[in-house]
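This is the structure I want to talk about, given as structure tokens.
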Amino acid sequence: MRPSGRAPDEMRAITIETGFTKHAEGSCLVSFGDTRVLCTASVERNVPPWMRGKGEGWVTGEYSMLPRATHTRGSREAARGKQSGRTQEIQRLIGRSLRSVVDLRKLGERQITLDCDVIQADGGTRTASISGAWVALKLAVNGLIASGDLKVDPIEKQVAAISCGIYKGTPVLDLDYDEDSNADADANFVLISGGHIAEVQATAEGATYDEEGLLRLLRLARIGCDGIFAAQLDAVK
Amino acid sequence: MRPSGRAPDEMRAITIETGFTKHAEGSCLVSFGDTRVLCTASVERNVPPWMRGKGEGWVTGEYSMLPRATHTRGSREAARGKQSGRTQEIQRLIGRSLRSVVDLRKLGERQITLDCDVIQADGGTRTASISGAWVALKLAVNGLIASGDLKVDPIEKQVAAISCGIYKGTPVLDLDYDEDSNADADANFVLISGGHIAEVQATAEGATYDEEGLLRLLRLARIGCDGIFAAQLDAVK
Amino acid sequence: MRPSGRAPDEMRAITIETGFTKHAEGSCLVSFGDTRVLCTASVERNVPPWMRGKGEGWVTGEYSMLPRATHTRGSREAARGKQSGRTQEIQRLIGRSLRSVVDLRKLGERQITLDCDVIQADGGTRTASISGAWVALKLAVNGLIASGDLKVDPIEKQVAAISCGIYKGTPVLDLDYDEDSNADADANFVLISGGHIAEVQATAEGATYDEEGLLRLLRLARIGCDGIFAAQLDAVK
Amino acid sequence: MRPSGRAPDEMRAITIETGFTKHAEGSCLVSFGDTRVLCTASVERNVPPWMRGKGEGWVTGEYSMLPRATHTRGSREAARGKQSGRTQEIQRLIGRSLRSVVDLRKLGERQITLDCDVIQADGGTRTASISGAWVALKLAVNGLIASGDLKVDPIEKQVAAISCGIYKGTPVLDLDYDEDSNADADANFVLISGGHIAEVQATAEGATYDEEGLLRLLRLARIGCDGIFAAQLDAVK
Amino acid sequence: MRPSGRAPDEMRAITIETGFTKHAEGSCLVSFGDTRVLCTASVERNVPPWMRGKGEGWVTGEYSMLPRATHTRGSREAARGKQSGRTQEIQRLIGRSLRSVVDLRKLGERQITLDCDVIQADGGTRTASISGAWVALKLAVNGLIASGDLKVDPIEKQVAAISCGIYKGTPVLDLDYDEDSNADADANFVLISGGHIAEVQATAEGATYDEEGLLRLLRLARIGCDGIFAAQLDAVK
Amino acid sequence: MRPSGRAPDEMRAITIETGFTKHAEGSCLVSFGDTRVLCTASVERNVPPWMRGKGEGWVTGEYSMLPRATHTRGSREAARGKQSGRTQEIQRLIGRSLRSVVDLRKLGERQITLDCDVIQADGGTRTASISGAWVALKLAVNGLIASGDLKVDPIEKQVAAISCGIYKGTPVLDLDYDEDSNADADANFVLISGGHIAEVQATAEGATYDEEGLLRLLRLARIGCDGIFAAQLDAVK
């Protein structure tokens, strides 16, 4: 039995509140149960130095946890003077995931930065960030198309992410904090609408997988991402 | 005439949404018009090294602007590896302001950290932070009293802050971004319920004050803070 | 009674030794009693990136306390790898104060940096820095005029600063360290020759002001700054 | 056809030279073709602060690329003043991988640090690091057992890692640099002797996987790791 | 002919103004011609962690150049966030040099830090720092003896330093900036009263030495240090 | 008697294994007994900003000790976020030493970086680094000549370095770790083929030199460097 009383393949309630901030070209507050992440997309006309003059764009992500997003207060990375390895790992993942569905040539020489700031954490902040960042990105691109800055849509698919894990021997979908801290194994899947896999990060500290276990988690992830894809489409309509 | 159409002594709409996050001992999302700041109060049993063993507590503040809280995206301080002078100046001000209404001996050997994270900026983020931080602090202290951890309330007064400035020759209250970037002079007042002044920061880059000008701004600030005091009391009820 | 035996409106002895170092375009060692600050003005032909091509100049300040300027040795900021919030706050204040009396367009596309290094501290280091920095700036500008590099003087007024506070219930002028560490309230005023106020920073940690108290401190500050203005004119003659 | 002329399921030559440095409690120079990594295991009697007094040990990893391990010289992280996100991601992976086969309670309150320094890079440096680190760890533990410091062996299994990818449409094993930079997809598998999976990191930037593709790569990884397990056993004999 | 008109074995005028700052346990402003360094000795009751409980003391040095000590303004190390290699090299030299004449066991478990801050630079700042630091150290130790904190003097000898170089083919003593920037070779000698050598740093970038050249410079250094030893004794009397 | 059983003027076995890594333009693994340093020379077409457009080249060095090159593990400088003063001092010495034998005008506008990474330390790592760096540099330059990129050889001489010291009263050559940590005095000599001295760093912490002692160490250094010069020539043949 899951602490939350959910069925093994049951997601938490997803809500996506678009236009949460007024300055960003695209923004949303995405919630997976009590996990809430503010995602903004910022469009800038300059690309990183190593991309200049190639006529292509760039999509990148940044991630941060507000100090009191968690049960006990964490120290502020800006005050410590550096980002943790965990933060850097997550923001690299966000960038790769979004780029997997964007045709950078169609984007033109502009950069879109997806800032994912965790307001409240209850497990699954990196996957909520990716799922929400796609919405912010789509809204920003829609704005560029509406203003005539872009002629064709560089976003080719949807991308969403979800965590799965083995909790007391049972594969379960969308772990919350209570489950996550007691799970035997934990995997994050980044899936693309239409059926492909963009990224798998299956980590076992304390337990291990076999093929069958990995596939069962992947099957759960498909169920979860289908729900997210629908919520994303609703949000950007 | 103010760009916003407000009268010179008219505040923007204030809303204070308490309990905005679930983990913090006290929290609120405070809005002054389009300026929105998430304030959380975190109670910890340890005090800074130089305070240990004195039986007193400490109240401190941290401040940050989300990268896309502003018109154009600012770089993330955690990524740059240091906090700007402006950030440090503001968070020192937040700490001093809150400490001016707390009896640290009554707080006992515990630290309360007030994190003020600006979700959206439209002028007056530091004053909104102070005004909201008091609410978060009060909620946290109420919790300590309710649980029996504290016998007496260490908070002796309310503290609130507001900016005033001279816009096209007229002293005006509660500047928004449009006014702030065109004001001849700008002052932040931190006032204490009952009539005293905790802090004045009157800065003139381009223009200057005389006594009369300073007093007129202070009179406006009193009007503004009276409104904030009322909103704070409503919020913590 | 003040520990120093001074009357409430009595300044410490001010001395300004110009030309204290030979390389700087302008320099002085300013003393307010035992507080001694070396102020140098350095003229450079480049301005910060965001000012380039506008035909305007820039005036900025940097501040540091030598490790053993104080009663007990403080750690060296260069060794710690960052400047404290206090240092940054002060150097921002120095820059703003000096800019309030300079017409940056008349300065032309050059930057003048005012380095204020505290050799010995006995209270009032930031105000001594501002008062001395004006002398260093004036000497540097005089040099530019003498060499024909500048046709008109971009310095429009004098600027000076002084601290005041409430010590054992009495408003007093120009606090030394003993008074400062026991004062109920502390205010720094930056005044401009001719009567205007450039900046007020009135901070009360432990005590608070009302209008009357603030105005009494301001009146003391006017007395103090009149004395400093005279000393500055003497020095640059 | 692979640039190297290898069959799709053919590994590069593996050599493991143990005792490469004399000070470390365990060390080896591991080579996968032209990729060469120096792995050392250092035993220390202190554990991280958050582990103290629990009677358990800790195993952690650090990773670095010598500046000229690569085709063009990379800047030295110590000179830049921070480790890249990539470095931190890899060293976290090394630590997790090794911990997945160690019973930390049996290790007792000591820390073993696995330093993996890449002498020469030709693809697969992180997987070579993990595979070599196990050897260094085993040698260090053998020493602790020989000296009587440990009564039971805390290492429960072998762990090895290998990269696989899809190169010109074909799944291939153990990518070298030429293949890696032209692969459509890239996955790193960390496998445990006996058949379980410790970690999967399958990343597709530009291409994507389906289940079948993922399983085919996993099957290749099993072939590769079986070879590595044998080489590890040879090395520690 | 030397630019300064000095004879090859002629020092610049040395002045040592003791008690230049009032807080330090020992202090002096040392001048070698236009090179002026403020040296302070700070006595603290704690020693570095690796020295604790051994009953011995420690003597260490820190060095800094004020930004406008030089012809053109250098950036402030505290603002850049790190000390240059040159600064670190010099402060390590200062510490070693002073320790070479102190019996650390006689000092007891206390640390004396010698801060050498260059007010004005005209060549030879590191050697002036060492020569002045000895005076500051001696004054601080005299104070400890006077107060009864120390029974025996831990300072066993004097230490002084001077630069020599080969200028247009001629070995010369005590290079000023003009000579230093045009010298073919440059050497710093740290000598101990009584005739021994504590340290030699002879560097040739562009030119090279032979034994004879090195010995001639050393002979000049002896002449110079004899003068400094006398000036030191005068100063501490 | 030396712990190693060597005669006072006896070097440890020197081996220089060229081509140790395949990417660098020049590389070798140099061993002085158990001290082993990997030296690579990297040729780049850009020079530091302050050298641009002068038609000259630059030669520079970087140095690092692998964490477990030593008896006990040292913390990784990249993880600590800064290079130690010792590291910076050594890499500045490496650069100066190599530049003393290179005609930078003949090198043309290119930079050669000599990375010296200590694989295993047993005393004398800085001198081994310099001696090996010359070999790496020579190999890189030979390659530039072979490819026609350089018409004339900018390397004018050989440079080598060795440490000497006074061990139990006897001057000895090429100190290993056991001797170094018990020596009364320690000196590093950088000598140039043909008889000149590029650099002397004679440091006495605890003991001191006189002229005679310094000259005796220098004589030993000449013996040692003659051996290194021969080994270098063998290596680059």
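Order of writing sets the labels: A, B, C, D, E and F. Residues in every chain begin at 1.
FYI, a contact is a pair of C-beta atoms (placed from the backbone, for glycine too) under 8 Å apart; a residue touches a chain by one contact, two chains touch by 3 or more.
Here is each chain with its UniProt name: A, B, C, D, E, F = Ribonuclease PH.
Fair warning: this is a prediction, and the values are worked out from it, not measured in the lab.
Q: Can you list every chain in contact with both subunit A (Ribonuclease PH) and subunit B (Ribonuclease PH)?
A: Chains that touch both subunit A (Ribonuclease PH) and subunit B (Ribonuclease PH), as defined above, do not exist here.
Q: Hey, what angle do you get rotating subunit B (Ribonuclease PH) onto subunit D (Ribonuclease PH) on C-alpha, to the nearest 5 degrees?
A: My answer is 120 degrees for the C-alpha fit.
Q: Whole-Å distance, subunit A (Ribonuclease PH) centre to subunit C (Ribonuclease PH) centre, using C-alpha means?
A: The answer is 50 Å.
Q: What is the distance, in whole Å, between the centres of subunit B (Ribonuclease PH) and subunit F (Ribonuclease PH), each centre taken as the mean of its C-alpha atoms?
A: From the centre of subunit B (Ribonuclease PH) to the centre of subunit F (Ribonuclease PH) is 59 Å.
Q: If you average the CA atoms of subunit C (Ribonuclease PH) and of subunit E (Ribonuclease PH), how far apart do the two points sit, in angstrom?
A: Those two chain centres are 32 Å apart.
Q: Starting from the mean Cα coordinates of subunit E (Ribonuclease PH) and subunit F (Ribonuclease PH), work out the distance between those two points in Å.
A: The computed centroid separation for subunit E (Ribonuclease PH) versus subunit F (Ribonuclease PH) comes out at 28 Å.
Q: Where in subunit E (Ribonuclease PH) do residues touch two or more of the other chains?
A: Residues 81-82 of subunit E (Ribonuclease PH) each touch two or more of the other chains.
Q: From the touch relation defined up front, give the order of chains around the ring, starting at subunit A (Ribonuclease PH) and going on to subunit B (Ribonuclease PH).
A: Order around the closed ring, subunit A (Ribonuclease PH) first, subunit B (Ribonuclease PH) second: A, B, C, E, F, D.
Q: Looking at the complex, which residues from subunit B (Ribonuclease PH) come into contact with subunit C (Ribonuclease PH)?
A: 82, 84-86, 88-89, 91-92, 96, 99-100, 187, 192, 195-206, 208-211, 213-215, 218
Q: Which bits of subunit C (Ribonuclease PH) are touching subunit E (Ribonuclease PH) when the two form their complex?
A: 21-24, 27, 34, 38, 40, 42, 44, 62, 64, 66-73, 76-79, 81-83, 87, 113, 115, 117, 119-121
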